[in-house]
Amino acid sequence: MGFAASVPGPHLPVQEVAQWEPVLPGLIILLPLLGFVVNGVLALRSAARSSAALRSGTEWDPFAGPARPRTHTLPTWVGPGVMFVAFVLALWNFAGMYGAELHDPVVVRYWTWIVTGNLQIDAAIQLDQLSMIMMLVVTGVGFLIHVFSVGYMKDDTGYPRYFAYLNLFVFFMLVLVMGAGYAMMFIGWEGVGLCSYLLIGYWFTDREKSDAGKKAFIVNRIGDLGFLLAMFLLFQAFGTLDFGPVFEGAEGRLAAGGATVTAITLLLMLGAAGKSAQVPLHVWLPDAMAGPTPVSALIHAATMVTAGVYMVARSSVLYALAPTSQAVVAGVGVLTALLAATIALQQHDIKKVLAYSTVSQLGFMFLGAGVGAFTAAIFHLMTHAFFKALLFLGAGAVIHAMHHALHRADSHEDAQDMRNMGGLKDRMRITWVVMWVATLAIAGIWPLAGFFSKDEIIWYTAAWAGAPSNPFGTLYTVYWLVALVTAMLTAFYMTRLMVMTFHGESRVERNARPHLHEAPRVMWVPLAILAVLSVFGGWVNVPEPLAESFLGLFGALPMSEWLHHWLEPVTHDAAAIQTAALGEPAYGAPLVGGGEFAWALASTLAAAVVVLAALRALGGRKYVAAARDTAAPGGLRGILANKWYFDEVFDAGIVRPVLAASRWCWKVVDAVLIDGFVNFVGNFTRLAGWTVSLFQTGQANTYAFVLTLGVLLVLGAAVFL
Amino acid sequence: MTDFIASIPALYEDWVLHALLWLPVAGLFHVMAAAEDRAKHIAFSWSGTVFVLSLGLWWSFDPGGGGFAMQSSTPWIESWGVSYALGLDGISVFMVMLTTLTTPIAILGSFEYIKTRRKAFYALMLLLQTGVVGVFLATDIFLFYVFFELTLIPMYFIVGIWGGERRIYAAVKFFLYTAVGSLLMLVAILYIYFSSGSGSFSYEAFLGADLTMREQLWLFAAFALAFGIKVPIFPLHTWLPDAHVEAPTPGSVILASLLLKMGTYGFLRFLLPFFPGAAQHPTVVAVMLVLGVAGIIYAAWVAAVQPDAKKLVAYTSVAHMGFVVIGVFALTVNGLQGGLVVMISHGISTGALFLLLGMMYERRHTRRIEDFGGIGRVAPFFATAFVITALASIGLPGTSGFIGEFLALIGTFETHAVTAIIAATGVIFAAYYMLPMVQRVLFNKLDKPENRTFADLSRRECVVLGPLVALMIWIGVHPAPFLRRMEPSVQVVLERVEEARTVLFDGASDPGAGLAPRPAGEEE
Amino acid sequence: MLAYALLLSAALFVIGTLGVIVRRNAIIIFLSIELQLNAVNLAFVALSRYTGIEGQLFVFFVMTVAAAEAAVGLAIIISIFRHYKTVNVDRFNLLKW
Amino acid sequence: MLLDYTSSFHYVMALLPEVVLSCWGMVILIMGVVRKDGGGRGQETGWMAVAGLALAAVANGWLYSGVAEDGASAMIAVDRFRLFANWIFILAAALSIVISLAYVTRQKLQAGEYYSLILFATVGMMVMASARDLMVIFLGLELMSIGVYALVGFNRRDRRSAEAGLKYFLLGAFATGFLLFGIALIYGAAGSTNIQMIASAIGAGTTANQLLVPGIALLAIGFGFKVAAVPFHMWTPDVYEGAPTPVTAFMAAAVKAAAFVAFLRVFVVGLEGVYGQWWPILYWLAAITMVVGNVVALAQSNVKRMLAYSSIAHGGYLLVALVAGNDTAVASLLFYLLVYTIMTIAAFAVVVTVGGQSEGNSRIEDYAGLGWRRPVLGVFMTVFLLSLAGFPGTAGFIAKYQLLLGAAEARLWWLSVVLVLTTVVSYWYYLRVAWYMWMKEGDDTAAAIASSADPPFATHAVLVLSAGLIILGGIFPETVLDLAYGSVEGLRLLVAGASQALVP
Amino acid sequence: MTEILFVLFAVVALGGAFGVVLSRTPVASLLFMVATLASVAGIYVLFEAHFLAAIQVLVYAGAIMVLFLFVIMLLNLGHDYRADLKYGLWSLLALVVAGLTAGVLGQAFWGASDTGFRGDGAAVAAALDAAVREQGAAGVIAEPLFTDYVVAFELMGLLLLVAIVAAVVLAKPKT
C-alpha cells in the first residue's frame, strides 16, 4: 500500500451540452465574491483602526483628515466595479445565448460537492433563459444600486463593510439563480438570507435594527425548513437534486396531482413564502427596512425577495403537476397582495409603505406563478425590480436629504416619517419626477412597465379561471376579483405616498427646510436609468394583440412578445402539462368579456382614475407632523395601522409559548426532573450510607447482635431454603 | 537513496499510528521535567509535532474496501487474548486527525487562560490526547476500553483543578455519570467475549460472536448507555452543561470536540456492527430516533434561554449530537456519513466557539451574555470569527455544519420521514438559540464601559482560530474528499446490518440461531 | 443420644450468644464466649462417639486455644480498664459511625 | 524433591517458610529483649524482621520452584496456591513493617514484641493457606488472630487502640465460636476435618446432610467475619480506625488475604461437591457486602475509616471470585489479593505519614491541598486511590477485570452488574480524597499538616515501589498474571486423587 | 441410667449457662460457669471421654476460671452490683434472634439420630472403647497427637508462645 491516489481529484469543468459555449460563467459568480474579499479585508482594516481608537477612549473619524483613508476610497471602485464587469459578462453571455437559440440548459460542472453512497451533488451552474434573465436583473439592477450606494453611504464609517456585504449578497444571489440544482439553489438561498441578516442589522449597535435582522433570519429559516424537506422528498423520488433529471423525469415518476408532488410543491412554496415574504411569513420584511435604503432596494425589493418567485417558476413543471399547490400558491399570493396593500394604506413611514407595497407586488407574482402564468410572474418580477428599486432609491434620496437637513438643524425628528415631509417636490425635482414615473408604473398606468406585467397576471388569472377542467375555477375567479381590488388599492396608496412626501405644504422642521437639497449625481443618475427602465421595461413582453392595438400605437411602438418566447424553453413543459390537465385557458376575460385589449384598456383607465381621485382627495388634506400626531387611529384604520396584528399574534401564539416552553424545559425538566433525579440518586446513596453508618454505634453488643442476626439469616436460609 | 525515499511511505505507515499514540506521553515526561514557564511551549511543540505527523494520513490512508488500514497487532495479555492492536479506517481517520488538530489548538488557546500549575495542566492535556487517540485507534476491545476510561482521569482533574466555582461538583458529576455507563459496558464486553468463544478481545473476534436477538438487545442497551452518556443523548445529558461551564477553555474544547465524539464513534464502531440485529430492531430504532430528535429540539430550546454563554454552547452540543444519533440510526449511508460529518464539523465549530468564549472570559472574567454587547465595534476580528463560527454551528450552507446536518437529515428521511421532518425543525431552532447570543454579545449598544477595552484577537489567537475557521469553510465548500474517504467504511457497517436483517428478520427459519459468524472471521 | 447432645450443645451455644449480646461487662461477655466454646466441645465429644477419636483431640486443641485466648483477652481487658476505669463495653464508643 | 512424609524431615521441608519465620520471630523477640528498644534501635530490629521475611520468601520460592508432594491426606498442602498466597502474606508483612519503622520509634513501642508478633501472625496466615485440615486452619487462624489482637491494642498509650483491641478481641472470639461450631458440624457430617476427606465424603454421598448444611453456613459465617463480609463486618471500621495505622494496613491486606485463601480452599476445594448449597449464601453475602461497604464509605469523613469501609467493599468483590469458583476466579483472587495488598498498604502508608505524631490527622480536610504542597505524596496517593478504584492503567484495574472475567465465565451477570455499579459508587469516595488533595486549597491547619508530612526514607521507598508496581502491573501484568494462573494448577488435582483413594 | 444422668447434667449445665448470662455480679456468673463446666465434664464421662472430663475440670474449671476470678478481683469488680444486663427491648430482640437461631439449629439437629447417621455409630464407639482399654484414656489421644496431628500440636506450642507475648505486652502498665 503506497500513498494511494485512489481518491479522485476535483472535476475539471465539464460541459454537458456543447451547442453554445458560455463565456466565463463562473467568473460572473466569482467577481462579487472577489469584491467581497477585497472589501472585507478593507473593512477589517478600517474596523481595526476604529476599534483601536475606541479602546483608547476616542472615536476614529475616517473623514476627519484632508483625504479619506484608502479603506474608504477603494470600495467605491471595487464594489460597483465588480458588479459592472459581472453585468457586462452577463450581457455577453446573454448575447451569446440569444444568438444560439438555445433549447436545453447548459450545465457547467466545477467540482463534486457532496458525494455519498447514493447521492451526488456537484458544484455546478445552469445557464438557461430563466437564469439569464435573473442574472441580468441581479447584476444590472445590482450595479445601479451599488452606484447609488456610493453616494448614499459616503459618510458612513462602515463604508467598506457595507460594500463587502453587498458584494457577498450578489454572490449568493447569483449562486441562487445560477445553481444547477436545488442543493446549489439552497446555498444561495440561505446565503442571501445571511446577507440580508447582516445588512438589515448593518447598524448593529442599534438594538432594533439588529433585532430586525435576527427576525428576518429566523423567519426565513422557517421557510428554509420547507425547502429542505422538499429537497428530501425530491431526493427520495428522483435520487438526485439536479434540475435536469428532476424536471425530465417528473412526469414519469410523479403522479399528476399526487400526494408526493403536492407535498413537494407545497413545501417549496413554504420556502418561497419565507423568502418572498408571503403571508403569514411576511412579517420580517417591513422590519427589514431597518437596513440602509439601498439595501432595501436591492435585497428587499429587486432581487432576494423575488427568489421565491424564481423558485416557483423554476419548478414550473412540478407545480403544473400539482393543481392543488398551484391554487394554494395563487391563493397565498393574492391574499398577501390584498393584506399588504391594505396595511400600506395606513403606514406613515415611507419605507414601510414601500415595504408593504413590495409584499403586495410579490403577492401578485405568486398569483401569476400560481395560476401557471410563469412568464408573467417573471415578467412582473423584472419590471418590479426596476420600479421598486427606483422607488426605494428615490425614497433613499428623500431620506438622505431629510436626514442631512434634520441633522444640520439638530432636530431629532424621524427622517423617514412622511408626516414630517410634504412639499419636497420643489427642492428635489429629479427625485420627484422619477418617483412619479415609478408610482405610475406600479399603479399600472399605460404604457409604463407595471401596466403590462401586472395586467398580464390578472388577465391570466381570469383566463385560467375559465379553463374547462380547472377544478378551482371559482376560486380563481375570486382571486381575480381580489387582485383587481388590490390593484386599485396599489394605485391609491402609492399616490398617497407621493402626495404626502412631495406635495402640499412642507411639514419639515422649519430650521431644516433650507438644508433640503437634491441628491448628488452619483445617486440620481442610477435613478434616471431605472426610471427609463420603468418606462420601457414593460415593452419586452406585450401580447401581439395589444401591440397591434391602440395601446401599442398600432405597432408603432417597439413592443414585442419577446420575453414570452425567450422563456418558452423553460416553461413550455409546464404549460403543456397544465393545458393537458386543465384545458385551454379562456382567452376571453370574464366580466369584460373581450380579449386582451378591452381588458387592458379598462384596467389602465381604472388605475388612472384611482390615481387622479386620490390626488384630489388627498392633495387638499392637512397632515400633522409626526411629533404632533398623537391620535391613535381606531376601527379598521387601527387594525390596518397595526398590520392586522400579525406580529402580536405570532408573538402571543408562537414566540412566547416557545420561550415559555424553553424556560420550562430548562428550569423544570432539566434542572428539576433530570438533574433532580441524578442528584437524588447521588444524595440518596450518600444518605443511605449515612443511615447505615448509624448502626455503627460503637457498642460491642450491637455488633454482636448484628452478627447474630446475620447468623440467623444465613443459617435459616441454608437450612430452610 | 532513492530506494530509501521510496520506502518512506511504507515506513510511515508502519509506525505512524504508534507515534501518534505515544508521542504525547513522551511529551508528558518532557513537560514534567521542564520548567514551569516552558511547559506550554513544550506541550504545544509535542502536540504540534503529532499533528504534523498525522497530516500524512490524509494521503497515505487508503479507504480501500472499508476495512482497517495500517493494522498492527502485538500480543499484550496473552492469557486473556488481549493484544495491542491498532488500525485505522474511514470512520476513525478523521476522528484521529480531529484529535491531533484540536489538541495543539486547545493548548495554544490556553496559553493565557491557564496561569497556575501549568506543568500539571499540560501534562494532563497530553495524557488526554493519548487517551483519545487510543480510543479511536484501538482495534482490540480491551485496549479500547482502557483508553475510553483513561480519558476520564485527565479530564476530571482538568475540570476539577482549573475549573470555575462549582468545578468539583461538575468534575465528579462528569466522572460518575460516564463511569456508570462504561462499567456496565465492561460487563457487556465480557459477555460477548465469552459468547464469541474465541478467547480473544480483538474486534474481529467480537464481530464473530453469535448472539441471539434477546442477547443483542441487552448488550445493546449496555453499550448504548455507555456511549449515550458520552454523546450525550437527551435525558442523559445533564453532566455536560455543568462540565462545560466549569471546565477551563481548553478542557471545554477537548470535551466538546473529542470526548463527545467517543460516544458517537462507539455507535458506529461497535454498536451497529456488534449488534446489527438490535440496532435495527424497530423498538430500538424508534427509541433512539425519538431520543435523538428530542435532544435536537429540547437542547435547542433550553440553549435559547441560557444566560450563560458557555452553557448555551454546551446545550447546542446536545442538539448537534442529536443529529448524529438520528443519522446513525437511520441506517442509511447518507445518515451515517452525515453523522460522521456532523461529528467532525461539531468538533471544529463548537471547539472554536468554546475558544472564543474563553477569550471573552479572559478579557472580561464573565460568561454572562448580558455583560457583553457591542463587542463587534471594539473587536472586529473577534466578531468576524465569532459570526463565522456561529454560522457554521447553525449549519449555514457553505460551512461544514450544513453538510453534516443535510446528509444526516436526508439519510434519516429515507427511512424515517417523520423523524427527519421533526428533526429538521432544529434548523429553525438553531437560529433561535444562536443568533440572539451573537446579537447580544457582538451587536447592540456598546453600553458597558468595561467592554470598551475589550481587546481584539491577538496574533496567537488568530493562529488558534484561523485553521478552524478555514476548515469550517473548506469542509462546507468541498467535502467530497472527506466523504469519499469515509464511505467504504460506512458501507461495511451497513452491509453488516443488512446481512443481519436477512438472518434475523427476513424469513430466517430459526431466529434463535442468531447471526452467522462473519466471513471475515473465517479468513484468518 | 447424639441428637440430644447436639441439641444441648446448640442450647448452650445460643445461651452464650445471648450473653454476648445482652451483657455489658466485658469479662462476662468473654465468659459467655467461653460458654460457646464449651458447647462446641460438647458437640465434638458427642460426635467422636460416631466418627472417631479425632473429635476428642479437637476438644483438646480447643481448650488450649481457649486458654490462650483467655490470657490475651484478660490482658486486653486489663489494658482497657486502665484507660476507662471500667469494663462496661457501652463506654467504649470512642470509635463509631 | 518429592515429599511423601515418610520422614518427619519432610514435614519441616513442607513447612519450611513457616519454620523459618517462626524461628526468626523468636530471634526477633530475643533481640527486642536483649537490646532494649528506644532510639534508633527499633528500626534495626524491624529491618531484621524484614530480612527474616525475605528469607522465608526465598524458602517459599524454593518450594514453589520444584517441590512436589505425595501425600494426599497430609495436613499440609504443598501446592502453588498456598505458596503464592504465602508471598502475598510475606509481602504484606514486609511492607507493613517498613511503614511501621518510623511509627514504632515515634510511639516508643516495644519493637521486639511488635515485629515478632507480626511475624508470628504471618506464620499463622501461612498455616491457614497451607492447611488441608479444618483443625489446622483453626489453629492458624487463632495464631494469626491472637497476634493481631495484641497488635491492635499494642499502643497502650492510646485509648482508641485499646478500645479497638477489645472490640476486635471480643467479636473475633465470638465469631471463632461460630467457626468452630461449623467445624464440629462438618466433622460430624463428613467424619473428618481433612478437606480432601470431606470432599471425597461429599463426592461419595456419605455425609450427614442435616449437619453438613448448618455446618457450611456456620463456616461461611466464621470466615465471613474474618473477611469482614456484611453483616459480619461491624467490627471492621472501629478496629481499623482505632488500631495503629500500620497494623490497620497489615490487617486490611494480610489478615483479609489469609482468611480468603482459607475460605477458598475450604469452600471451593473441600465443599465443591455441595456448590449448590453454599453459592447462594456467598452470592448474597457478596452482593450485600459490596453494596454496604461502598455505600457506607460514602458517609465517611475520616480517611482511615473510609479505607476500612473500602476494604469491606473489596472483600465483597473477592467474594464474587469465591462464588464464581472457577480457575479464572481462583487465579483472580490470588492476583487481586496481591494487588490489593500493595495498594492498600501503600495508601495506608500515606495515611501514616499524614497522620503525624498523634495519628489524629486523618480527617479528609487534613488532606486539603496536600497534592500541591507534597506532590510526591499527592501523586502517589492518587495512583493508589485510582488503583483501589480499579481504574485502567493501574494494577487494580487488571485485578478487577480478571475478577469480572471469572464472574462472567461463571455467568454471574447480576453479581457482575452489582460489582460494577458499586465500583461507580466507590469512585466517589476515592476521588473525594483526590479532590481534597488537588482541588481544594486547604486552611492553615492543612498547610501545617502537609508541612510536617514528610515521609521517612523507608516509607518513601514503599511508596515508590508500590506506585511502580501498580503502574507496571497495570500496563504489563502478564508475568504476574501467568504466575497467578499457574498457581491454580494443582489446587484440585489432589482432591480428585484422594477421592479415588478413599472410595473402597 | 445414662439417660437420666444426661438429663440431670444437661439441666444443671443449662441452668448454669442461664446463670452466667443472668447473674447480677461477675463472681456469681463465674460460679455458675464452673457449674456448667462441671456438668459438661460429667456428660464427657457419659460419652466415655474420661481424659477430657479430667482436663475440663482441672484446666478449664480450675485454672482458666481462676484466672478470670483473679482479673475480676484485680480490677475490683467483685462487688460491682450495677446491672450490666441490658433489659427492655434490646433483651427482647436478643431473645427472639437467639431463640430463632436455636430453633434453626434444633430443627437441623433433631433428626441426627444414632441410626442412619454415618453408617453404624455403634461400631465406631466399640472400636473407641477397645482402643481406650488398650492404650489408656490419655494414650488414645496422645497417639494421633504426636503422629497425624503433630503439625497442629507444634502450632499449639507457637500459639501459646504468642499468647504469652501478647499478654505480657498488653498487660504491662503504661510507662
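In this document, chain identifiers A, B, C, D and E correspond to the written order of the chains, with residue numbering beginning at 1 in each.
In this section, contacts are C-beta pairs under 8 Å (C-beta built on N, C-alpha and C of every residue); 3 or more make two chains touch, one makes a residue touch a chain.
Every value quoted in this text rests on a predicted model; they were computed, and no experiment measured them.
Novice: Which chains sit in contact with both members of the pair chain B and chain E?
Specialist: A, D
Novice: Which chain pair is joined by more contacting C-beta pairs, A-C or A-E?
Specialist: A-C
Novice: Grab the C-alpha centre of each chain and report whichever is closest to the global C-alpha centre.
Specialist: B
Novice: Specify the chain most distant from chain A by Cα centroid.
Specialist: Result for max centroid distance from chain A is chain E.
Novice: Can you work out the whole-Å distance between the CA centroids of chain D and chain E?
Specialist: 31
Novice: Please compute the C-alpha centroid of chain B, do the same for chain D, then give the distance between them in whole Å.
Specialist: Spacing between the chain centres: roughly 43 Å.
Novice: Measure off the straight-line distance from the CA centroid of chain C to the CA centroid of chain D, and report it in whole Å.
Specialist: So the centre of chain C lies 25 Å away from the centre of chain D.
Novice: With centres defined as the mean C-alpha position, give me the chain A-chain D separation in Å.
Specialist: 79
Novice: Multi-chain contacts only, two chains or more: what residues does chain E have there?
Specialist: Each of 86, 90, 94, 97-98, 101, 104-105, 108-109, 111-112, 117-118, 149, 152, 156, 159, 162-163, 166, 168-170, 174 in chain E touches at least two other chains.
Novice: Which residues does chain B have that touch at least 2 chains other than itself?
Specialist: 176
Novice: Using the touch definition from the top, which residues of chain A touch two or more other chains?
Specialist: As it turns out, chain A has residues touching two or more other chains at 682, 693, 696, 698, 700-701, 704-705, 708-709, 711, 715, 719.
Novice: If I apply the definition of touch given earlier, which pairs of chains qualify?
Specialist: Listed in label order, the chain pairs in contact are A-B, A-C, A-D, A-E, B-D, C-D, C-E, D-E.
Novice: For the complex, which residues does chain A have touching chain E?
Specialist: Listed in rising order, the residues of chain A that touch chain E are 701, 705, 708-709, 711-712, 715-716, 719-720.
Novice: Using the touch rule from the top, collect the residues of chain D that touch chain E in their complex.
Specialist: Those residues of chain D that touch chain E are 8, 11, 15, 22, 26, 29, 75-76, 108, 110, 113, 116-117, 120-121, 123, 127, 133, 135-136, 139-140, 142-143, 146-147, 149-150, 153-154, 156-157, 165, 188-189, 191, 206, 208, 210-211, 213-214.
Novice: Can you name the residues of chain B that touch chain D in the complex?
Specialist: Per the touch definition, chain B meets chain D at residues 76-80, 117, 142, 145-147, 149-150, 152-153, 156-157, 160-161, 167-168, 171-172, 175-176, 179-180, 183-184, 186-187, 190-191, 193-194.
Novice: If you look only at chain C, which of its residues touch chain E in the complex?
Specialist: These residues of chain C touch chain E: 1-8, 10-19, 21-25, 27-28, 30-32, 34-35, 38, 41-42, 45-46, 48-54, 56-57, 59-61, 63-72, 74-79, 81-82, 87-88.
Novice: In the complex, go through chain A and note every residue touching chain B.
Specialist: Per the stated touch rule, the residues are 1-4, 6-8, 10, 43-44, 47-48, 50-52, 54-55, 57, 111-119, 123, 183, 186-187, 189-191, 194, 197, 201, 204-207, 210-211, 213-214, 217-218, 221-222, 224-225, 228-229, 231-233, 235-236, 658-659, 661-663, 665-666, 669-670, 674-675, 678, 682.
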